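Got a structure for you, questions after.
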Amino acid sequence: MLEELRKQVYEANMELPRRNLVTYTWGNVSGIDRKKGLVVIKPSGVEYDELTPENLVVLDLDGNRVEGELNPSSDTKTHLELYKAFPTLGGIVHTHSPYAVAWAQAGRDIPCYGTTHADYFYGAVPCARHLTREELDEDYEKNTGKIIIETFTDRGIDPVAVPGVICHSHGPFTWGKDAAQAVYHAVVLEEVAKMALLTRQVDPDAAPAPQYLQDKHYMRKHGPNAYYGQKK
Amino acid sequence: MLEELRKQVYEANMELPRRNLVTYTWGNVSGIDRKKGLVVIKPSGVEYDELTPENLVVLDLDGNRVEGELNPSSDTKTHLELYKAFPTLGGIVHTHSPYAVAWAQAGRDIPCYGTTHADYFYGAVPCARHLTREELDEDYEKNTGKIIIETFTDRGIDPVAVPGVICHSHGPFTWGKDAAQAVYHAVVLEEVAKMALLTRQVDPDAAPAPQYLQDKHYMRKHGPNAYYGQKK
Amino acid sequence: MLEELRKQVYEANMELPRRNLVTYTWGNVSGIDRKKGLVVIKPSGVEYDELTPENLVVLDLDGNRVEGELNPSSDTKTHLELYKAFPTLGGIVHTHSPYAVAWAQAGRDIPCYGTTHADYFYGAVPCARHLTREELDEDYEKNTGKIIIETFTDRGIDPVAVPGVICHSHGPFTWGKDAAQAVYHAVVLEEVAKMALLTRQVDPDAAPAPQYLQDKHYMRKHGPNAYYGQKK
Amino acid sequence: MLEELRKQVYEANMELPRRNLVTYTWGNVSGIDRKKGLVVIKPSGVEYDELTPENLVVLDLDGNRVEGELNPSSDTKTHLELYKAFPTLGGIVHTHSPYAVAWAQAGRDIPCYGTTHADYFYGAVPCARHLTREELDEDYEKNTGKIIIETFTDRGIDPVAVPGVICHSHGPFTWGKDAAQAVYHAVVLEEVAKMALLTRQVDPDAAPAPQYLQDKHYMRKHGPNAYYGQKK
């Protein structure tokens, strides 16, 4: 079942170490079949070189294991909350990539300092607040998802235009139309987080890019009149 | 047509990922045949491992596509402006290499702190100003070229002696006598941008190298009595 | 004798250059057979590509060489002190990995800024004080071990929950249930030290992660109700 | 002639790109045959993958070319001055490795913050002053050597105990008993320069390691009672 999706999610997971985004098992990718309402996700704590399309775990959106003998990623409930709240998401990634983690540990949004950022993230990448102790005790991973959703809802951010978030004292989640694009956004986020940190080293008071430049770059790639790339 | 130039521009494009200057498709190289008035440039949004000499795009200096079925790089008009204004240019490169981007995002010239810089760039690498909203709305990529030219003209900088620029909130463009040398200068600029940033971390008030030392290093490589390297 | 342990310690030593934790010979791994009271350790100053399971050195806990013709690591006495004081240790690693060294040279504990740290180290990674001149003159390597032990004892830190330390003006030691896990912790410590340094670059006044978040992450991996990974 | 020395100097040059110490041709290694009074050095501006033992250049100590058709490194006179002033030197290296350059561009000695440094450099790595305009005009490369020598003489530094220097606004030179050891010291210097810069990022007011700790580490490797490594 879901052979094609398993293959996609497997390939997307394997891209994480190839792109130097994970140390050991510190990352996971999932993908969803919206028609069937089923999610394929990396099993918990399994090394990347032991991963196969077959040992991925299949779950329904309530978290019931439908296929697979291994435990799913410990972050599974966070993925499920995001899939339920954001219907356009086809894939989700979590990593501990170091520059994105640095901003997350500092509890700061990543400002949009330039066009590299604006090409993929429309505005700052938001930093989601800490869970309260009560939220953590109730259900840590589920409420992590809830707080990401709250962040986007309260600030009026469109998760398609800003395909990622950093969680305070934790690290990044990114997403996309499928698992491959979610990983692509994880790579971009890490690169953008690095550039932003270096920018502050040149000038701690550096200002974000002018809004009209951010608009231009995002729109030439993603707007109705986008002209970057080839017509498909 | 232009078989030799296509090959050179192809090789120069492929050097970008080999030198770790680009993530995904974030860079492009062009080269010009001055006699024919034709420019060869990377197609927009095409992955480097799908690039061939044959799928490069050939344009005249007015931007008319002469050969090739793909759209040219979205930055094409910037390249064309530079070729028209600076007749000594044989190749141009644009990247989002992270250290050069950091200085660009901070909106600061890269000071000439030492001989590594002075060997290739005679004086600071200038940071071109933001486009105004009007300039951006009129023609973003063309006016990006115009503002680079304005920067060199207003400050009296010779584009042969300073073969590169960073654009505020954006990133670097470099150039050379051909596509290969333009890439060489892109590598040097990134290394010099990194060294300059590290220098400021040792001492935020570090001073540029003495002018006579800058003169000496530039001239021993490029002046009429240059003695670096082998006679050719 | 100790063929299996030799193999494990050999593999663990070879993992250090693979993980980019050592330059030249700047690191060593040991493992212990608790029943026999014997320690296997890297010989001093031997290049990793000349290392074999056979040229490792076997010592008893008093430092007497039981097998092997080469001198053991110059840090051997430090390893032995730790094995004697902390009976749960099965393997020990010393490196000069640069980010951990940076914190050691600054003489600062590495704060627990986030979940990457909390997943493996329960609280700050302590920085052990300088040896006095007297302690150094008496027995440098042995007293280095004694001061590490003093650090854990005086502060009431459990060496299982915090499987590593940095020594002021020197560098890190890590440990684990066996040589492989000790190396794993060396990799984690370097990554965590890097993230902590980057965090301070974003915000020099960044606060440690809330204690209840640290508790949660450590416990979901290591507590009696741990649910990370697969049951074994 | 000098077949063995040519081979050593060739191997030492090739080690520079392998250790990521040079970009393009930005580095050179020489070695000396003290009995014959002849120096073998890299030719100027030749790419490393075109280098062979045969195209190295042989010079006497007055700089007369004895063998080879290519021009020697543009830094040759600096090497020759150092060989003449410091009779224990068997090999010399110059690079533009970025962390050492950062300290050179900031014009600061690299403090001995810890044992990694103390194991190879006894005390701070000195930063040699700028040449005056007159010194530069007279003979840039020769006087660069003279000022390095002045630095060691005026400060009473033994070039065996401190096998390297950084030149203000320029970069590092290192040396050793032969070309291979000179490269080894170039690698160490870059690593030590990186660690020192990271240390200052943790604490800009970090103090050097206590003198008795510096003494201990240097002496356990290099003193008459050294006990690091294997007896030979």
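Note that the chains are named A, B, C and D in the order they appear, and that numbering of residues resets to 1 at the start of each chain.
The criterion applied here is as follows: a residue touches a chain if its C-beta (ideal position, glycine included) is under 8 Å from a C-beta of that chain, and two chains touch if they have at least 3 such contacts.
In this text, all values refer to a predicted model and were calculated from it rather than measured experimentally.
Chemist: State the chain with the largest centre-to-centre distance from chain A, centres being mean CA positions.
Modeler: Relative to chain A, the chain with the farthest C-alpha centre is D.
Chemist: Quick check on chain C against chain D: do more than half of the interface residue numbers occur in both copies, making it same, or fewer, making it different?
Modeler: different
Chemist: For the identical-sequence pair chain A and chain C, what's the CA-based rotation angle in degrees, nearest 5?
Modeler: Here the rotation carrying chain A onto chain C measures out at 90 degrees.
Chemist: Round to the nearest whole Å and give the separation of the Cα centres of chain A and chain B.
Modeler: 33
Chemist: In whole angstrom, how far does the Cα centroid of chain A sit from the Cα centroid of chain D?
Modeler: Measuring from centre to centre gives 46 Å for this pair.
Chemist: Give me the residues of chain B that touch two or more other chains.
Modeler: In chain B, residues 201 touch at least two other chains, as defined above.
Chemist: Taking all chains into account, which pairs touch?
Modeler: Those chain pairs satisfying the definition are A-B, A-C, B-D, C-D.
Chemist: So in the complex, which bits of chain C are touching chain A?
Modeler: Chain C residues touching chain A: 113-116, 184, 187-188, 191, 194-196, 198-199, 201-203, 206-207, 209-210, 212-213, 216, 220, 227-231.
Chemist: For the complex, give me every residue of chain A touching chain C.
Modeler: Residues 23-24, 26, 43-46, 70-71, 74, 96, 98-99, 101-108, 130-131, 133, 136-137, 140, 169-171, 197, 200-201.
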